[in-house]
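Two complexes are shown next, each including subunit A; its partner changes from subunit B in the first to subunit C in the second.
And then the complex of A and B:
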């Protein structure tokens, strides 16, 4: 297995007769990767397989060349923030992190120092000696993140990490994930909120019914879905003029005026040809264009197309 | 393997042991155990109050009474269930409170995890049960006044006490390994614990070959004062003390090896629990 990537080869997991994930083959590279799919699609099973909390029924898994069953080596390089909202009985934020670092073999003083650093990093210094059971949902999410990050792992696996965080907290955490990814680490984030992933991830892995339905950069994945015309939104002062000219192009299948009266939504089978013609249309019609946006190059739209439910929020 | 890795493993095992010790002795988990170990103390206290005057002058009574109480109640019931409560929860407790994944998400070999938890449990069990045994032993002698104190401090008294403490210490090791394993295999470890208790209680009445597959048979061979087990007991020659100790330690090792194997295969599937 490649020591520079996270790899799954034909990995399946069955819970008795119930399918968890089925024959997944993936290679994940450094950066921010979004694992998307609705609840029950197999995202958490996939993350458990990567971190050894589950063993594949068949197939192989390797994280930077380390098999997940080798916990001693794996968790030197991996941090996992699970979806479970439970903690050891009676633990305070400080004792929770201190114990985690002690399990990494750190001496007491070193563990204490690092725990305080992590508590500061996630904004929980003031609540360090309070029991986690009394924390708010957002605080519990933060302490779980601190736990996953405390040993500076190269690979960070985060299962729905933004759940329960307020908008400010979400922004802070997203910034942190982006920083970690920029440092060349592997940051794998799962979410069932597709636009969230859309906004932060370099690449996505789309999971549905236990199988990977697509992977890669959103735009590339969208480009491969040739059965669905690509949508382009043009905001301008005279959308009717653009719509009229767009109809003359062979590859345009639809030009729809949007209710706001200042936009037109074009559906085309050849986006590149449309963008090439758009300049001429603007010059000829003399309209003033505010923005030109791809309207369905989002994770949300792509996922809908792939599972055959376009426009249906997941 | 490098020395550094072994140092780390020792540190990790000790960190796990400390954590378990804290949970077992300084959390609400200890309450049922305290209730249990309070029973022989209460019994000893009641005996001290209500012992007839004519029996108070005979120090032999305390020795015989303690031997009976220790063998039939303290060892077979209190030590047994205290170990069941303390050790079965080492893994099962974390599964039930859905926090086991934190132990499994650390760079700790599963064998080190099992060893750390077991050591934590043994220290907790020794703290609670050796203290209880000591206090109960003293309470059984106090009603006899100065003669009782003399007996306590005599070579025979100290040897008896040391013998009882050694039996409890060994019982904690053997029952601890057994219940640690039960906690890994059974959703409700109390069910196999009750079944095994039935076997342990029935041991005196079993033929010699079946007695050999029990813990209490070997422990009984180490008792300083053999108790009377009633007319129906099938008396056999006690096991040689060294053989009994070796047998118990071997069984403990075997049970721990099985526990390590089970822990190695452990997966986190809380929804199935």
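And then the complex of A and C:
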């Protein structure tokens, strides 16, 4: 197994006769990876396989060359944030982190110092000695993140880490994820909120019915879906002119004027050819173009195409 | 495509040995247990039988004090097998309540709060987790039971002079082995029940109920069959008989001591199996 990637080879997990995930083969690289899928699709099972909390019924899992069965080596490099509000009874923010670091074998003084650093990183210094049971939902999410991060792991597996955070908290957390990814870590984030995944992740893994339906950079995934024409939104001063010229191209299947009166939505079977022709169309028609945007190169749209459920799965 | 520099640095400091890492679980659980004043007060009370024993041993060897109290050396000279057997019982009963209170509070809250994945996503496994919790019970229950018992035995041996300790070695054996068996069996049973029911008060009730139900079941079988076969399921009698045998006294069970040992081993093994089944990082709801 490759010591530089997180790999699953034909990994399956069955709970008796119930399918968790089926024959998953994946190679995850450093950066922010979004794991998306509806409830019961197998996201959490996949995360549990990566963190060794579940053993595959079949196949192999390797995290940077370490088999998940080797808890001592695995959890030196992996930090896991569960989706549940689960804390030992009576724990304070500080004791929660100190305890985790002690389990990692850090001496008391080192664990204390590191705990305070992590509390500062997630903005909980003032609440360090309060019981977690009294924390708000957002604070609990942040202490869980600090808990996953405190031993400085290279791989972070975060199950629904943005749940319950207010917009400001979400923005702070997303910024933190991006910083962690920029350090060369593997940050694997599961979420139901597709547009958020779309905005922050370098790559996505789409899971449905226990199987991976697509993985990779979202643009590349979208390019692979040849059955669905690609949508391009052109915002300009005379959208009718662009629409008229677009109709003359063989690969364009639809040109629709948008209600705002300043845009046209083109659906084409050959995006590269369309982009190549667009320059000529602009010059020939003399329109002033404001923006040209791919309209369905998003996790949301791709997910809808692949699973047949347009919109945000919840 | 994003470009990432490898700026991440792992923790490079010293770490404690892996083998003793389960003691971290123990340390935090101990701190949590003794954060209750009521529990601490009860724990202190569990030492009273031993302190009374200490007083009796002291007074029986202090001729001056005996004279002042109008007592004779003969009256207090009977600190032999019976004295130590009664003291054992006085230590074992509060120790049982100690374990019955403590054991359910060790695992049930973690399971009820779904906190197990937090432990198991650290460099410890289920065995370390159970070992850590068992160590709490061992460390808490040992001082007022076998540690104090052994100390009293040694004190009595030193006061009585050479030969007493050698002649009565079974007392020391009974205190150490008897209490350890008591601690292991009741601790495992308590932890297993709390892993099963996941609710502290219910676990406490279930532990008492199980002991009484098993004992009543055993007695009923004995009554119906007119034999001692029901003692196989009589947990309290099994422990009592094992301890009596260790003291070299006649046993109260109608079954051979080996059968009593097997009963205790079976209860311990079943408890371990329940813990193995119930303590999982991840629960599947079908």
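The criterion applied here is as follows: the second predicted complex is superposed on the first by the 308 of 314 C-alpha atoms of A that agree within 3 Å, B and C clash if a C-alpha of one lies under 4 Å from a C-alpha of the other, contacts with A are read in each partner's own complex, and residues count from 1 in each chain.
In this section, a contact is a pair of C-beta atoms (placed from the backbone, for glycine too) under 8 Å apart; a residue touches a chain by one contact, two chains touch by 3 or more.
All values reported here derive from a predicted model rather than from experimental measurement.
Subunit B and subunit C, once both complexes are superposed via subunit A, clash. Once the two complexes are overlaid on the shared chain, A:175 sits clear of subunit B and of subunit C alike.
In the superposed model, A:129 makes contact with neither subunit B nor subunit C.
When the two complexes are overlaid on their common chain A, residue A:84 makes contact with subunit B and with subunit C alike.
By the touch criterion stated above, A:55 is placed in contact with subunit B alone, subunit C being left untouched.
The partner that reaches more residues of subunit A, of the two candidates subunit B and subunit C, is C. By the touch criterion stated above, A:184 is placed in contact with subunit C alone, subunit B being left untouched. When the two complexes are overlaid on their common chain A, residue A:137 makes contact with neither subunit B nor subunit C.
Once the two complexes are overlaid on the shared chain, A:219 sits clear of subunit B and of subunit C alike. Residue contacts after overlaying the shared chain place A:15 against subunit B and subunit C alike. When both complexes are overlaid on chain A, the residue A:113 reaches neither subunit B nor subunit C. On subunit A, the surface touched by subunit B in one complex and the surface touched by subunit C in the other have residues 15, 48, 51-54, 71-72, 74-76, 80, 82, 84, 86-90, 99-100, 102-105, 107, 147 in common. Interface of subunit A with subunit C (complex): residues 15-16, 18, 30-31, 44, 48, 51-54, 71-72, 74-80, 82, 84-90, 95, 99-100, 102-107, 110, 147, 151-154, 180-185, 202, 217. On the side of subunit B, the complex with subunit A involves touching residues 7-8, 11-12, 15-16, 19, 23, 27-29, 94, 97-99, 101-110, 265, 267-270, 272. Within the complex, the subunit A residues that touch subunit B are 15, 48, 51-55, 71-76, 80, 82, 84, 86-90, 99-100, 102-105, 107, 147.
Within the complex, the subunit C residues that touch subunit A are 1-2, 4-11, 13-18, 21, 24-25, 27-28, 32, 35, 109-110, 113-125, 281-282, 284, 286.
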